[in-house]
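Following this line, the structures themselves.
Below, chain A partners chain B and then partners chain C, in two separate complexes.
Our next item is the complex of A and B:
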């Protein structure tokens, strides 16, 4: 395999892993997949994907400004890759924002419900508009491939210059407004990072990062496709970047001096070391490297220098975005592997799009190709029909798809199921009683319970009229209420009424005076009876009458319902004298049968297959 | 043993089941993709669609051919397939596991039927194995996996039947249950990569065959080179 194949296989696997995690996140929520809390609501996805994603997209506006405004035409080979990188960077931002938002389907709200005082509103609008502008800037490239869209391409080319101007303007606005976002945290951020100049610092560092991101991306792809790197251009970008970084360093240190926080750098706590590391990686070492002409023109120097600026700026965004707030909040946060995999997966998926675009469209002067298969190789037959359909048009699609699905499967396997299991109340099977043949009654949802031959009971009770013997609450659409919805306590008496639920807007949404008379004491005794509103709550002829809100515990309720009936049946049926005894229902003929008399009597686990003997045994269980 | 069981029922099940579902989807998509490409490349685009469809349906429900050749063996195969598909999908205990896992279940087989079908599947599986082994013409065209698959497929049926019906010692019970789960998971993993993939590719087999014989235009020279017969008359 060559390096393109290896790289793409890894990228496909990362994408697959992220897909499995993303599906889990959307099905079960943030609590299952992230380590975020109410104190640390912004984590890796904001710090890395959004903050750094926007910053990494800065290459687009920096290079277009150099090429179109400063008329530095020698940078032409870098323009298309830079615009594409920026476009993909912004798509990464949007994707990760969708994953991170608690209610992602409300993402359109900012377009309609304006809040012009919020920096987040500005960021949202700028990201939206700039992504559109980038899309329009880039679309002439793929459109050039077919003559069908020539007219659209011509119009777009005509508006290219205004689009570029608009793009630079929007970038200027929101690169800085990402910094403005954190002006709200003067008491939460550590003073070495918090400054009213955050917007300006963000903008200056974005320019340097834009230059270096384009360099880094150019070096990476040149290595990948074994083509001569644009070392001369990268050296020029490095030369420019050291001035920008120098200016950034100056502003940042001067600001600290003026605010009186400069001494904090040497305070020796972990924040001070983090600050020193950040400045070294992001600015000081790259400035030194790019100031030495020999290093600046060497491939290794360019690799190290550009990588350091990119990594350092990401570190800076992560620091401002939350890491340096840990000292104040006292809540330590480390991203879960699922957060990491989503971040990596989004980057990997967009890297694949980038490689696809490079191979399919005229991004570079010459288009690289994956090595094609030799037409004269003896064909290997396909798995299914034992038939050869010819070599595939997309090289390696068999390999990539295999890597992808295996990664998705591994993702599903790794997801911690215990978190999903505990993510809220799961309806017990007894709640879905309509017509069930055999139900599993498991009051405290610990997986232990009894199998209840429902159909046999209906038959024994002579048809559907007997339902009201057991079921005594009727929900809308003629559904039965789950027993646990009133008998809430497993072993304790409970209140079936749920006063707070009735009063809450999200629940019953009933005003106080709807039940209690004005001017009287608000007690249960003076309130209107339930049946005033819930007219069909109790089925006619129900065996159990509800007179009070106080309900027995789940265990007592079940036993009171079952045992009298069984006792009566046992008395009249000489074939089953033991019908009312416990093991009739709690008949755990499980592998642990000999030890059942000990620690866990009468318990039966659903997860074992041996629920089956219960079903076949009907209500005749073995007796101890 | 309990830890092993938990592992087999949890992460390992999710891994193998996902490999099966996605793997089958993958080969289905790859084959359809390949078919579309073959059709685009074909020099002769005259495909007998109607005839191919009729043949596909005939092979999907091979009732017409049961009496054609070795009727007993064909019947064994059909009955084996019926048991193989219905029991795992509609067994009460399995559906119950789905209910607790994904929140919903579906129609289940009555207990008696499940037992009858299980025994039938085991017997028919053994019948398929010996039917292949005992027939000289079958032996000639058989590969290793053709013998191994019926045997592998009946393992979960035998172990499941033991778990459900026979009272066994606790340690043995867990071992049998573990074998039941692991053998089923082995089947899941192997399914998309072996001949059992026919469970999704079967509907395509006839059309693939038809398309495969439609060569790209002017490819005759390439074929001769591939077969080391350069210059031979086509």
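Our next item is the complex of A and C:
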């Protein structure tokens, strides 16, 4: 396996992983697959994929401007790769938008419902148009491989200059409008990043990034395919980039000086350090590196310089896109692994397309040797599988397919079933109990219940009287009884029965026919009621419905018990027409809102209601 | 006519009848504690909530219905828009789910159906359909103590100031919503400071103006860039041509 094989295998695996995760995201929604919240509605997919993705595509318009507008013909070798990267970059942006949007099938709505005041509307339109332009700019390259569409190619070549011009004009707009997106959040963006000049700063940094992105990918592919890099051209790009970056730095610092926020840089909080780090990585260190001619012309210097600008600009976009808002929102969002894998997978998939294109079409001056097409290589032998993999191209396909399929399987295996099933409901906070006297309480009814140590609860609740504490027939303000205060999942109705436990030899050891009559359907509806066996446990009119085997939550139990009766009383008693309405009980005088109002008077009054059943906690065995 | 809601924090007893009424009128689901919720009680199925502050203060939280709403200005398809009466409402059919409105709201109000496969943005819509039928919003109808009332905006601002003037020792001298973010349709008078409701208190600019300026410079930037590029191209082309000619002569 050579470099290309290893790289492609890894890329295929990342793509497979992302495919599994993407299917999960569409099947179960954003809530359980991402860490996005109502406070942080935009995360990695916007901050990195869209914001940084568009910026990384800037190479396309910068290089076409240098070559076609400024007529610097020596840069010709870089034009095709730059346009291809831009095209793939924008497709990546669109793909990640499709994953991120809640209603991706409505993405075309921007074409018919217009809101020109929205920066996002402007960005959306420009991205749509510019992707089309890039496609038209690039398509003569694959079309050159065949003579069938020569006419189309000729037309496209004729319109090349206007297309390039349009592409530059569109890029100017949306590169800057991405900054305008955050003009509307002066209330939560940190002042070191928030400025009315955001659109201009975004545009200038996009130019610098475009220059460096082209350099970076020239260096990457030269490493990958062991082909000579365009070091001379990269040195020229680096020389240009230092001026652009210098101008960027000047504008940004001057703007901070004018707005009076310059002192914030040295305030010592984490935002100030982030700002210093960002400027160092994105501008200051690269400017210094590219100003030294020896470094500028060395491959290592170019590697470091271009990587720093790329990484620093990504950091800048992520910072503006939300990272620096966490100080205001107070919520520390960190992407879930599923978000990360989708981002990585989209990049990997398009990197594969890029590698495919440079092997198949005339992208670089010298087409890199495709390692799979060499006819003189012996068929590979796999030691692990003890098989011949066939000719290099077949062996390659076998490897990649296998990597992809295994990664999809790994992806599905890694999907956290419990998180998906919970549909975002806060987890039960309860320890898994062990012991013989247990009850299987499945609060979320998701198959992941907890063993409930009954005896321990009775003991902790000081004897028999404590039963009502769990069965929701208790007095208000009995703090122990709000299950959700320790068992958060008890907001839901819970399964109080535990069928399998009753049937098991270790549990109730009840035969089927003890509850289900012979010859009838064995369903909950036809089974004998609990009260037949548990004679003392289920009083008449209990909120626990014996044939559904569910326990209502505390709030539901109280409301179902009180409100119907109050409503009846209100209808017949003209003195208290509002008896059933909320403020009768929730009268705002209690520190324990929203539990209930008052203290002792309530207990007394409720005792007078005579609705509390007399309960004893004896559990008899099943009747013979 | 611009309508409004005035909530008097001193009168609220926290009974949450407004919340129940809202849920009934709009047929909203039961709330479950979800990992993505803020702890202010609002969610995709609770469009209003009552938050408690220390010392038995209850504040009803809901969409402020800004006079110049940032959410509507940011929505790329205009799914959020203001009705004639002043309610900021949401169109399910237009939305594409970008959640820019949630990012742009200075009060953090819009909520998302994170658990749904087909999710929508949810927030108070000021019962605009009831208003068209000549009714009040459900919440103000339900309030048993008159803590939250419905009326004409100018009248309610006057009413707020009247209450403050009548009992200056009871109220803080401010009607929240009169000037914030260019004015809102949901107003508060209170005996405690309500600045905690906003991300940044004292922000009196209408937020849409921030992006409007940038958006207005889009057409000139577009054409200006095109003209600059063409001009540069022409100059360089000409210079290269002259250079070529002089080289020819030298040859």
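Basically, the second predicted complex is superposed on the first by the 399 of 624 C-alpha atoms of A that agree within 3 Å, B and C clash if a C-alpha of one lies under 4 Å from a C-alpha of the other, contacts with A are read in each partner's own complex, and residues count from 1 in each chain.
FYI, a contact is a pair of C-beta atoms (placed from the backbone, for glycine too) under 8 Å apart; a residue touches a chain by one contact, two chains touch by 3 or more.
All figures in this text were calculated on a predicted structure; none of them were measured in a lab.
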| item | value |
| --- | --- |
| In the superposition, chain B vs chain C on chain A residues touched | C |
| Which of chain B and chain C A:101 touches, first, second, both or neither | second |
| Touching partner for A:527 - first (chain B), second (chain C), both, neither | neither |
| Contacts of A:326 with chain B and chain C, given as first, second, both or neither | neither |
| Partner chain in contact with A:415 - chain B first, chain C second, else both or neither | first |
| Chain B and chain C contact sites that coincide on chain A, given as residue numbers | 426, 589, 591, 593-594 |
| Contact set on chain B toward chain A in their complex | 9-12, 14-16, 18-19, 22-23, 25-27, 29-31, 33-35, 37-38, 41, 92-93, 96-97, 99-100, 103, 108, 110-111, 160, 163-165, 167-171, 173-174, 177, 180, 193-195, 197-198, 201, 204-205, 208-209, 211-212, 216, 222, 225-226 |
| In the complex, chain C residues that touch chain A | 12-17, 20, 32-38, 42-43, 52, 56, 58, 70, 73-79, 94-100, 102-104, 106, 108, 110-120, 144-145, 198-200, 203, 205, 207-208, 210-215, 218, 221-223, 225-226, 229-230, 232-233, 236-237, 240 |
| Chain B-facing residues of chain A, complex | 20, 375-379, 382-385, 387-390, 392-393, 397-398, 401-402, 405-406, 408-410, 412-415, 417, 426-427, 429, 437-438, 440, 447, 589-594, 606-613, 615-616 |
| Chain C contact footprint on chain A (complex, rising order) | 26-32, 36-39, 41-42, 65, 68-71, 100-104, 106-107, 109-110, 113-122, 124, 165, 168-170, 172-173, 176-177, 180-181, 183-188, 196, 199, 328-329, 423-426, 484, 488, 491-492, 578, 581-583, 586-589, 591, 593-594 |
